[in-house]
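First chain written, first letter: the chains are A, B, C and D, and each begins at residue 1.
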């Protein structure tokens, strides 16, 4: 099979990451890439890692070459895919939105968090939240996939075995999350300068972050009940990686939760449970599509702590999108995604 | 006044930090420094920042020059100050231990966490836990001060106003803490190599960390009741700084806690409360003795989040020790400690 | 003495560095600070390290408060001080320009490199190039000082003993220089994002950099002849620090140059010559006003290598400016500048 | 084809990098890995990026499983391959030494730089210096390949077109080189701690570095005459990457050297010449086997500057070794090496 891929909004880190991973994919090829700002530029002028390795040139987002694709990835700010997805779907082209437009099922909730009217209610209804470990079968037959946010990916995989097996008190979940600066994108931004963001650490969005409603929605679907979730993101002085440290109360402290994690993920290639006493490091999954999880019961305070790491640009974005693409086209889910994390 | 200072165990980061800060102190002077391993070496051979700036030479820890001091700082691993402090105190020399030997009042609890018998029960009883913002008056008349650990300093200052005013549920406190690598010291250690620890983030000591019993002891003294505390430390890919994000439940959600923080610290030079919506960054206090605090009530989960940052080597070690020294010698607590954080 | 200081263009790293260092200066006080963009903002809103430590508010650059100063520091892009300095000088207020407007004596040469007409020829003639180790006496009586660029400071101090003693071939000097990102300022700039500039290294401005004509001018003044200089700057993945590795050919290979360096700097507080076999690290002078130099003769290629490190924001900018201010006001040159480098 | 690979000395960064790259190689498989220190440990216990991805267990270096291999990679300190290679060669097993034992043809020169007698003169004579872009055909038929050092790889590729075409003055070449800390290996080493090596930059080995004789030997083979080379390595505050900035004098300044570079590398997959005015960044080749080169003539000093970047662990070690392996087994040289650099 040769899947023809188009990327809309290919000027950012998600764009180059799609290009990097698909370069290794034996059954897909990027044939068109667009960016309003970079129109006419060669890829290697924008991303010097591509020097001598691609003849692709940025087109305008309405370029006809996109219509020759089998699938379109939207790597755009919110609001773009919402209006652009429909015309591709009508032509029989599948769509994966790496942005936020189709992640939240409730249009009014989306509007509240994104300060924008949602204009595509029927697409919103159709879109599938694309976490393969949660709803693989539905993704296989989807036309339109909402690729999960980076923080939600890390948190949802960590809590799934606990919620689906009703092992914890759902009213008191704390997710303390940390992300590298690549999550903030490739836009010039004073706060993300090396001189500002390196050698420092801080919380942000404490009162409310746009990944909160998405997490809550999905956790409640897993749990079948209302969730009390506190989510605080932090900025790490490094480029790639997300770590989530999650604090929950077991309903029955005597239960050993490890077997539930092992059962949940025994057939999942991209989720690895670490041995007792080993805690995950973000670098272990740098550049790879893996999620590593660890579980630790803290005796002196009777809390269960779950730790989860992903590469925010791979399992948290481009890698998971390609995993979804593979499912949508009926090929092996792991195709093109077998790279081991870059260590050191 | 000219306070003659001796440092025992001056080969590590706490040692050089004491030297750096005291170099700016108008009323104190380091006249002796010892290190078993570095005996005979010039300071500048060990710390190249001192090139041409000090004639000090490392002596053995039992060198007579230490007896000419007015105060001895122990910057040693646990177990050293325990046995060495007594002879100085007998000679009328004050002692501040920057290690852990006198922080935990209960000897058997200390033994459990440090795997070593505590041999100096009477000194343990006499020692004052040296957090100036908590027990300034007692420190002023102390002979032997146990300088607080770095994580406890950040957490205790964050919770003091809440516990002393009985505003929170003491049974469910989560302290998610992060530290730069300088907290692990200057010892060759594979896990702390730049190639291993940079561009990565991980939790450690999740099941139990030696700063836990110290935090719990002091929090319970503040609260007057038993505390349920979960403390998870993490390693940041940077040199200096600690951030603590602390999650608590208010007993009465309608209470505005900000005035309690402002009252608690209005006369404290070294604790600053940030305005609403501003969250502290570790770099803001890099190289300085300040602690910056922020408070954020999270409406959708009914949690109060407190954030606290310090420089682990200054307010978390050498700076707080000098603050204690100033108090013990009756001089202005702020002397030598007025440096602003190094930004950028 | 109480020197009243004003800062024009206080929104950048040079501005906050002047504030940080002057906060420790016993005989000077910043009474006015201006920034067109930040007018009306409190300093701590811009630089969070200042929280609770200053009541200063940014004014417009033409605010009357600046006229009450004894000295004005221009920390502005080129072109600003050129037009603004005169009116202060007329009022008897001294001026130090930390920008580039008065560094190059030849107006047409300046115009060629800065793409702007130089409109103040008489000021240009009057301005003194402010490197205290080179022309201390002239600075003492100057009204208008051109503070040297960061790269030139590191290179000039490294070559002064060799050129003044006519020890090297002046036609073949290579200066391979490296700077942290703070040299690029606090402006939002995609290339300086942590995600772009960390974990990477590159040369820039290879064909020509604005510090080249300044270096060449001063080196030729030292040598008394034409200099053949190749200067290549590089960007380091870190915040502060400049290192210059300089390659020269000795006129007589059998000469030991070390005594010439020691003689040249024996009375200079801020230049330290490292012992044989020890090479300078930028961190050794981080946050301090020191320059550390090392000399190594390479036998198998008959080259002399000189290495020089400074903190680009201190000895390379704000610190050297304050050193100049001290000279201009007749107080001890070292006042307020005794901080040791922050290590680690 | 299925090439069975063994790795001796698999505990370091070269070892894990061979594992990482070979994991993507469709025609080779690592069947044995040894490490004296790690015998009996699972790979994932040592390199957490391998969690759940390999059943390999470290054996002793004399384990019989190594005899079942088609090729052995020695990733060992100097002195090990020298004595171990022979017995594999006798069994018809090919050998690539990623260490230094067979790089220098002259045994007495080797002894001088490595402080050890060379005991295998006939192997030394047989060994091929494995730079594919220089002697591809000889490598194809070699039994024993000396894989080039990281610094030499970057410098030799930069100078080859100039030396082979006799365009420069060979007596005055300056190679100012910079490397990330991964070049110093995975050994616990105080100077390589994050707290010591990050946020800093320094030269080292200025008087003489072991890669000097190797560079000089190969440059002289290219030039056919004696070379005057000054090589100064520096340590970068980052993990991966080498940059070399090389200064040479053209014999004829009017010659445009670009066509010589383009001709030299037009058929080379792994060497890319950047366009005029674009300078290479180490991150562009992070995790990839590419070398990027740029050329800049500096008019005002009549110097030619060549810049070269590689990933020291890939083109500077494991990647080039696999490129050599491909050649030795007659398969496409690029097999398994098509990964694009990880950016950001």
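Points worth noting:
Basically, contacts are C-beta pairs under 8 Å (C-beta built on N, C-alpha and C of every residue); 3 or more make two chains touch, one makes a residue touch a chain.
Not measured: the values here are computed from a predicted model.
More C-beta pairs touch across one of A-B and A-C than the other; that pair is A-B.
Listed options A-C, C-D or A-D contain a single repeat of the B-D interface, assigned here to A-C, on the basis that more than half of the contact pairs agree by residue number. Distance between Cα centroids is largest for the pairing of subunit B with D. Centre-to-centre, using mean CA coordinates, subunit A is 39 Å away from subunit B. Averaged Cα coordinates give subunit B a centre that lies 36 Å from the centre of subunit C.
Centres computed as Cα averages put subunit A at a distance of 45 Å from subunit C. In subunit C, 13, 182, 186, 195-196, 198-199, 237-240, 280-281, 283, 286, 344 are the positions where the chain touches two or more neighbouring chains simultaneously.
Residue ranges on subunit D touching subunit A, taken from their complex, read 13, 16, 19-20, 23-24, 47-53, 182, 186, 199, 239-240, 272, 274, 278, 280-281, 283-288, 290, 292, 338-344. Considering their complex, residues 13, 180-182, 184, 186-190, 192-199, 237-239 of subunit D touch subunit B. Subunit C meets subunit D in the complex at residues 172, 174, 176, 178, 195-196, 198-204, 206-208, 212, 228-230, 232, 234, 236-241, 243, 245, 247, 277, 279-283, 286, 296, 298-303, 305, 307, 309, 344.
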